[in-house]
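The structure is given below, and queries will be raised subsequently.
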């Protein structure tokens, strides 16, 4: 005989009976439980759940299938990166920020490198700048391709993610030929990049570029016109421009709400002012728009890569720098436009070889705040669609 | 979106069917080795030369260059004398600055940080030289330092750590483990309680508990507000009462297990005044 | 004590084996003693015996069918994803699904505390039972229908609805919110789609005037233009969508949506009880495909009747003592015949390798020859093969859809059923009835 | 005072040559007691604060942990273990639980290029109740440790753990972090370690093939797995 809660032998006498007043909640979570009304229940998703993109925990208050309230719980991937950076010297700190957003780790390197270079007044050689733009755009394509697959996966289609991984694998293998690693590249250095373009990278890039656009378009055809996909995402989780600006949303999520803000164009860094590209925007602000904006950005990235390859100058890829970096006391903020939004790093130097304080701004953290407001009143299945369209990566959220 | 309902579904179905017949992208891994770039640095092994001997010369350069200190090398030197270590410290043992609070720029009453370079470090060097900088003789070194200074200055501990190669945390741990090693300067007098069998029977245990409670410290440590230490006496003095409590070798005859608290309060009052 | 160390299943076996041995001996003795009387009883109650045999056979074939479908799904989706799929175990990985099935059998069968134990235990049984009981009325061939009674279609819908009860039981008893949501989704979806499913075949019932599946198949005799998919296209579309939802297949697999409610009703199930759900899902796919091919694709009728009028008659009895001789010598000769060219082809091939290859080729050729002979000479075999071709084409379609489509949302799903499929099926009924009235059949 | 025989000394001769019986005496603890009377099972059942639960616990109904190798096929004699292990080794369903960076490479292992479905490992199960292998892919933080252990405990036997990546093997680049578990072998028994930051997908495939080998080789020795770093004998 296996135990059951209906078994009178295990019935635990309740501490309070019906005529006593309701117990005073001791914790915030308890208070939430007491706030449950008739017909509502909590569903706890995560930290291990197929569609929470890592180790996010989401507590959903549902009424039947309808989401009444939603509360993301963070911190399951808190690795103490900021503190570790403060105990490492400037070169090492780049290495710690590298795995923050593991889907697009070059951007997580680029932001602290930009901050440190401002702190030290380093002039990056032009060839290094071009190489940075080239690799970052490649990484952006890899990230957006994965996003497309995940979006479809969270809506129940299994094929797009596998096709997306083909493209992503080719890009990261190419980057591995250049940087030496597939996922955590650790390629950018203060004052340049680690190693010039090599033959293997260029030949792989050439083969890939010759058919990339056609292949990605072909992959997109699977779900872009799919009625089920479009019906599930159109008009879902509408984020208007005003709220988006108020919440500090950046990147494609902001551009999908009709605000054409792109750091590459509005606060230019590296050689972006010399390159020609569009900033795709959409006015709807729903999940579909967020998805389509990203797909348009892939095309723009391919365009940028094409220009970079034609205009790549010769020269060194590393500035002349002392072995031990000791910037003057001061503070600097460096930011880059990543596939998810603005990655920023605020570094304070106290004159030693280690940053005195390093603050990492990650767009995913901001976007995760939106899941609650955007999902309320929709169904459980829509939570996944909204969350996937915001595309948070938990490594960056929890740092 | 096409006008005909279902056209998107049909085009997607057509696409998957075309892919069904296309050549597959799988690299048959165990049979076919993947095409890995020569620059790939994911290799996690020590390389051997054509004779099968290790190419590693133990030059420690990789451990020094490793940006995140994930390479850990350690051992003893060729004469087997010095512990050599380069790599990440254990989780909480070693930091470059002892106090994280001080690193953040605050003034804190951290005893280890507050004692500046006020001592003459030459004596420590002499002691270290006498012990051949051997970390295995840590206890002897620390006792010699305590004999020379009367206590263990933090700067001396740092010096010991740097010279012997032992981690600061280990030096500190050794120093705190042995009760006869003191960190506080100026502790000249001591209150000692005998722990022989006779005294224990007549209540030395409860006296020790009472005193430790009243003075707010534990046995083997200095009393915070005075130059007194609490100690235990190794042997009973001849012609002394039980339980035996001595102050600087002087037996206290007016003390028993019952009035220990009031006696301690009186002592505290005397020191406060 | 060995008894204490046995698992529950082991205890059951330890009791069963002696009981079976003794019972078998007793039965043999009884048969010898009262054989004539028993034969007479059986002869008098033939329907009951027929039912028992049919049930056992159906149950036995349902498991291999599930294995085959699981393998098909793994392999086809893999190929659509541009990858190889299982290829390590058996030829092209064909034994993979069997290995999975046996593995599931060996896993710890864990009952979480605080589940409703009897309901929790019975739920997979109910689901599987519903699946294989519907298999009873499938007309594989005119001569190969387990239970070809009138009302076969009605029986199918009734018993097919039973599986939802099992899913609800699983969802309710698991003491898990995901399971609960999955069970309720399954129930809501099944109730919504039962109605258009049933109404869509009313047109065919009007046309044929019967609910018996063999008779519906017989009504489609002739060329492929006589199939009901061409005479009732709207009904076919509605029926196809509805059976997709009934079998919980993509895009209507809301009850076990991985990305939303982990594994739905099966979240808390492990070991063989999960295996029952797993198998039942695939048996269901086979059943609904079989039903669609029976009702709309002419079942066991060939697309075009070609009267071969075969005159090949082999009178085996005429061979006399030669028959065992031929049966003994033919394999040896055939093997040598096929092995010789292989052996001569390349000097690197060893003799035994050539012999093995020759034996395998001979086996394939002789099986194919016997198969062709059976297809030509034996009508049931030909009917069965036509039926299976149609059924597996539909199974392929289901897998293909799974490899392509995302999942529909639950409210869109229900809205589609009530707002579109139900009116369309009613329209189909009226149109058919009107046509029958005008044309008088 | 009852004198009972301590099972530790059961190899002593019971009867001495002179005919007297010498038993090692076990003296009950009457001199010392804990602060909390419930410690060491000291409190009688009737005085237990939660009497219903204590009574229920005493019946032993709730303890279902004796089913390590349960399942319908356990009744087959042990000679069949070779076949059973072959089956187990060829049908390892991983649990879909990526923690951090390595999760991307774990997913990459299932994709067209490296297709781990060739070994039948692709349908990553979403529910731990149906999984065989827990691939811990990524940094395990202290906050995540408890849910991960719960997942591991929810998986039915037989089950295996693969530590993928440096962080899970030893802490890796977060060796100095205050919030990272320094190697998952501190919280659960690990069968295969795959180093690399992150390992290439081929590395994971190699590790899973090693696990298959392990399943076939270490037959019958699974219950001896311990928590903590273990080194095989040959090394």
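Per-chain numbering from 1; labels A, B, C and D assigned in written order.
Just so we're on the same page, contacts are C-beta pairs under 8 Å (C-beta built on N, C-alpha and C of every residue); 3 or more make two chains touch, one makes a residue touch a chain.
Quick caveat, the model's predicted, so the values are computed rather than measured.
Student: Going by C-alpha centres, which chain would you call the most central?
Tutor: Given all protein C-alpha atoms shown, the central chain works out to be D.
Student: Between A-C and C-D, which chain pair is linked by the larger number of C-beta contacts?
Tutor: When C-D is set beside A-C, the one with more contacts is C-D.
Student: Just give me the whole-number Å value for how far the CA centre of subunit A lies from that of subunit C.
Tutor: Comparing mean C-alpha positions, subunit C is 46 Å from subunit A.
Student: Where the centres are mean C-alpha positions, what is the separation of subunit A from subunit B, in Å?
Tutor: 39
Student: I'd like the Å distance between the centres of subunit A and subunit D, where a centre is the mean of that chain's Cα atoms.
Tutor: Roughly 35 Å separates the two chain centres.
Student: Can you list the residues of subunit C that touch 2 or more other chains?
Tutor: 80-84, 111, 113, 258, 262, 403-405
Student: Quick check on subunit D: which residues sit in contact with 2+ other chains?
Tutor: 62, 64, 111-113, 115, 118, 126, 173, 176, 178, 197, 200
Student: Going by the touch rule set out above, which residues of subunit B reach two or more other chains?
Tutor: Touching at least two other chains: 9, 12, 15-16, 19, 24-26, 28, 36, 42, 68-69.
Student: Classify the chain contact graph as line, ring, star, complete or other.
Tutor: complete
Student: Inside the complex, what are the residues of subunit A that reach subunit D?
Tutor: For subunit A paired with subunit D, touching residues are 1-3, 9-13, 47-50, 54-55, 75-81, 83-84, 87, 95-96, 99, 102-103, 146, 161-163, 165-166, 168-169, 182-184, 394-395, 398.
Student: Subunit A touches which residues of subunit C in the complex?
Tutor: For this pair, the touching residues of subunit C are 77, 80-83, 111, 113-117, 175, 177-178, 181, 185, 250-251, 253-254, 257-262, 402-412.
Student: Which residues of subunit B touch subunit C once you look at their complex with the stated criterion?
Tutor: 9, 12-13, 15-17, 19-20, 22, 24-26, 28
Student: In their shared complex, at which residues does subunit D touch subunit C?
Tutor: Those in contact with subunit C are residues 62, 64, 67-75, 84, 87-88, 90-91, 111-113, 115, 117-120, 122-123, 125-127, 129-130, 132, 156-158.
Student: What residues on subunit A touch subunit B, complex-wise?
Tutor: Within the complex, subunit A touches subunit B at residues 86-88, 91-92, 94-96, 159, 163, 166, 173, 176-182, 186, 195, 198, 200-201, 218, 221-223, 225-228, 230, 350, 356.
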